[in-house]
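Chain IDs A, B, C and D follow the sequence of writing; residue 1 opens each chain.
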Amino acid sequence: MSFADDAKGVYSIATTPFLPDGSLDLPSVDRLTDFYQECGASGLTILGIMGEAPKLEPDESRTIIRQVVKRARVPVVVGVSAPGFAAMHSLARDAMEMGAAGVMIAPTPSLRTDEQIVGYFTQAVEAVGADVPFVLQDYPLTLSVVMSPSVIARIVAALPSCVMLKHEDWPGLEKISKLRAMQEAGELRPFPILCGNGGMFLDFEPERGADGAMTGYGFPDMLVELIGLHQAGRRDEAHDLFDAHLPLIRYEQQLGVGLAVRKHVLLRRGIITSDAQRKPGAALSPTARAEVDYLLARLARRDPRAAQAASAA
Amino acid sequence: MSFADDAKGVYSIATTPFLPDGSLDLPSVDRLTDFYQECGASGLTILGIMGEAPKLEPDESRTIIRQVVKRARVPVVVGVSAPGFAAMHSLARDAMEMGAAGVMIAPTPSLRTDEQIVGYFTQAVEAVGADVPFVLQDYPLTLSVVMSPSVIARIVAALPSCVMLKHEDWPGLEKISKLRAMQEAGELRPFPILCGNGGMFLDFEPERGADGAMTGYGFPDMLVELIGLHQAGRRDEAHDLFDAHLPLIRYEQQLGVGLAVRKHVLLRRGIITSDAQRKPGAALSPTARAEVDYLLARLARRDPRAAQAASAA
Amino acid sequence: MSFADDAKGVYSIATTPFLPDGSLDLPSVDRLTDFYQECGASGLTILGIMGEAPKLEPDESRTIIRQVVKRARVPVVVGVSAPGFAAMHSLARDAMEMGAAGVMIAPTPSLRTDEQIVGYFTQAVEAVGADVPFVLQDYPLTLSVVMSPSVIARIVAALPSCVMLKHEDWPGLEKISKLRAMQEAGELRPFPILCGNGGMFLDFEPERGADGAMTGYGFPDMLVELIGLHQAGRRDEAHDLFDAHLPLIRYEQQLGVGLAVRKHVLLRRGIITSDAQRKPGAALSPTARAEVDYLLARLARRDPRAAQAASAA
Amino acid sequence: MSFADDAKGVYSIATTPFLPDGSLDLPSVDRLTDFYQECGASGLTILGIMGEAPKLEPDESRTIIRQVVKRARVPVVVGVSAPGFAAMHSLARDAMEMGAAGVMIAPTPSLRTDEQIVGYFTQAVEAVGADVPFVLQDYPLTLSVVMSPSVIARIVAALPSCVMLKHEDWPGLEKISKLRAMQEAGELRPFPILCGNGGMFLDFEPERGADGAMTGYGFPDMLVELIGLHQAGRRDEAHDLFDAHLPLIRYEQQLGVGLAVRKHVLLRRGIITSDAQRKPGAALSPTARAEVDYLLARLARRDPRAAQAASAA
């Protein structure tokens, strides 16, 4: 029985806060942990590949895991993707010992064929241990690895410790439908699907069968409400809420600069004390910052959650 | 003096209509040509790389050019990107003889260094002729060729026949600002910038200095109004209009399946008689079609232009 | 019963000769056709993707097909890879009508998953016709499409008109062994494997089970002898011959510049009248030309076939 | 004054030896260090990206650096390429404190434009410190980052701590000529060029101006002799020696499996005790092993250095 057995709702991907001098901002780590949970997150994901995990030293990674796991009352998933299985092994083992609920593994970018992909995850599970529940991350745009529904099915069938799919293929709606159809036909055991891509298709993904979102969008409270509206069958209201946020979601979902937008929003919301990134990182220009603030101000007219952020601008 | 000297507004990228049996649908070509102009397009672009131009036989390409140029009262730009310069040469020459205003050239995907990129466009201009005005297409997501502002500046400086930039870098707002700053500083001669990417950032691109859009979104009439609102300085109204369309714009901007969405919308609007694509092509599933129709219905509540399409669903 | 049923030996990939002004050099086409046959080639392949086929106009492609097919007494395979299936269809149909023995099809570079690859070839066969024998080209280094033995097996099983594999994976020796083992186990119907990659591993490929070579190396006479030595079980002699040529083979196998080397050697051997390439093309620098000539001179000391080319330098 | 000021000859890229259980084989590290120096290497490079450095834990990397630097009497260069600058910083600082002569930095694979590349190395130098001499690694085939001579010139001009180029572009001969011409014209300050790519073009690279090799081919003693012959102007002898080794060099230069070949040869030569690799790794099949042994046996007939390895087979 794993944390994922009835996972639903929102797993927030926690950003890694730094001070302007580049050091870890540990008080902000606590505030972020509290914030995500107060927003209603069902779980937390830390050290994701699109954040700044690759910029951390190994001991810094452990510091963050320890601190988040200790404070969180929801399951914590730790990203352990690494160029080599030795590092993946030690990070996964350390994370589980500290109390993580599971790990997340993305395919290494050089994989091409179905066989290579299945083989890679087989080896990854040998590395982290077959007793460690893992989330399969499917993110072709950034990783250049394309997993068809049938290759996902092969992984899930071969590896019982695969307990969840983080879906961020693009376009990706048909893949959700296809996987759910395979499960209904009994060709695939059940597992939850949480969607990424910054939430860009979260108006339709739950309708296709997704259980929720795993993303770091700066309004996790809105994501939680959105999934709830979907689950309650209040379709039009769900779309109304989503549409109000889409201009900001879209702005945040820009490759590279998106992380800066996310940190800026969390700064405006008063959660982190600095939007600093470690190098290499893409900072917001003053114009871009003003654009985000303008979007926040527009959003505040339709969603009171944005009012504070907008007034902080 | 070229067609582009004071280009502004919207250049519609014309889709290529086929009948269900895969043959060219020439009456729909005429209807499309009329439609774009009635929507207020300042120009037309045909045979773009993201459409179905590579699926046409050479004589079919000429048929379309001849028919569109003959019917259009606005400048027609013809995409001539090709694996070899011989085909580029003959297509460009034929297009200009038939009355095209200019051509559009994208970099070939294998280019990497600044030198290679500049060298390629130098050879391309030799191929099409230095007297043929050309639009430089900058589309890294699909072509894998990244052009920095300085390499664009080198191309523009070296090649006087480069008269316009089709900008669809992503993220791309800073690039517009940078190019405009270079022009203001006198480091770069002036040229119009029209933006692509399906309009995904057309709420901010004109504020950054873009002159308009070159894209094939199914509501060119809205794009024209949007650019007009921007030019009139009516910022909030521009954003309101944009935001109403963003859910559909975003849905259409999915790689591969986007063309099917676009054709579906044009079919719903009564402009083309079939949404058929030549193979290989990504058709819409019934669920996807219903999602687009739902978006059209929602849009119709805020923009009457969508009412007819919505009621046709 | 197709041309490929007992294909063995060398299929020469014919280069496309141009005059210095860029026009087709048709007399050289005839000399090349004769030359390859006099060298003992079992077949000819024309319009291959790594040559200059993409730089030809459609009518030029037909001219070459017609002329080669008419003159050849061995099977002629025509490369028909194209961005769209319409062009593939018409080129294949025209080639077969003119008397080609079959066509060669490479996967389009955007394919990633096993399903996509199998789907693409299924559509390609619909396009060219199920009655047209085709050679499956497997060339990941250039095309970025990786086909595992199992995906090749799926294609071969699904498409009876697939009659031959052009193998140029790299590293690729294990793939040959694997495919042959699958055939011996009855999991895969028999088909000939001819190897490309400029012959870089032709000392071991026949020992692994390859039937010969399909490549355009400037000494097809040597390739024919080499395959013969392998078939006769004269292993050491085969390796001695191969090793003598390896420095030149290796020099020719440089991406991009390799075609210039090949044309230079054919010019030195007196087969073509010019080593001109259509743009874009990579010419040899004077230093590079001198290096090739030096390699030819060294080769002439061990293989008399190189003497004429060396003395022409 | 850096280690590189008059670097010539061979910098051996040291493989990382493991025991069959995957643990570091530290006695073999010592034997390797001695072996390279006895072979006449001018320097050693450790933790290169194509070896197994990414599979090491941070403390294992330090263990190897400490042990090699302590034992070596020639300069030791440490590969510090890493996804983030924090890890690069700490590894470089640790390496220099332990006595390394300098570091080697490869571009991160996502870089595309000249500006991005120059910007990356500027930030990398900030990370490792401007006082740390670094080798610029140019390896497009694996890294997908193409550096033109002009971008190399920009890096060298902007960053005085860039003291050497590891050249493994392919094709790459013209680049060496171009860089040397720029230096002769006074457009570029002098720096040594050592070539990689497993030595595949080491018959011509010194003639083009390279100072030697930086590669891990299993016969560094031959590489040293080869560079010596070149420097003595004994061209034909250099080529004779090179040609004798080329079949093995070529076999070793297969992407992925090459490392297994290299370890197998070092095992046959009695330097390391196991050819084990950490996962993920490509092992040699029995057939491949027999092929390498056959090549060693053939080589032994022309180069006595291979006799021991051949007899160990």
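Rule of thumb we're sticking to: a contact is a pair of C-beta atoms (placed from the backbone, for glycine too) under 8 Å apart; a residue touches a chain by one contact, two chains touch by 3 or more.
By chain, with names taken from UniProt: A, B, C, D = Dihydrodipicolinate synthetase.
Everything numeric here is computed off the predicted structure, so don't read it as measured data.
Both subunit A and subunit B are touched by C, D.
Taking the mean of the C-alpha atoms as each chain's centre, subunit A and subunit D sit 38 Å apart. Inter-chain centre distance (subunit A to subunit C, centres taken as mean C-alpha positions): 47 Å. Centre to centre, using the average C-alpha position, subunit C and subunit D are separated by 33 Å. Taken as a graph of touching chains, this assembly is fully connected, with contact between every pair of chains. On subunit A, the positions that touch subunit D within their shared complex are 22, 52, 54-58, 60, 82-87, 90, 108-109, 120, 123, 126-127, 278-280.
Of all residues in subunit D, those touching subunit B in their complex are 112-116, 140, 145-148, 150-151. Of all residues in subunit A, those touching subunit B in their complex are 170-171, 173-174, 177, 200-201, 203-204, 208, 239, 242-243, 246-247, 250, 254-257, 285, 287-288, 291, 298.
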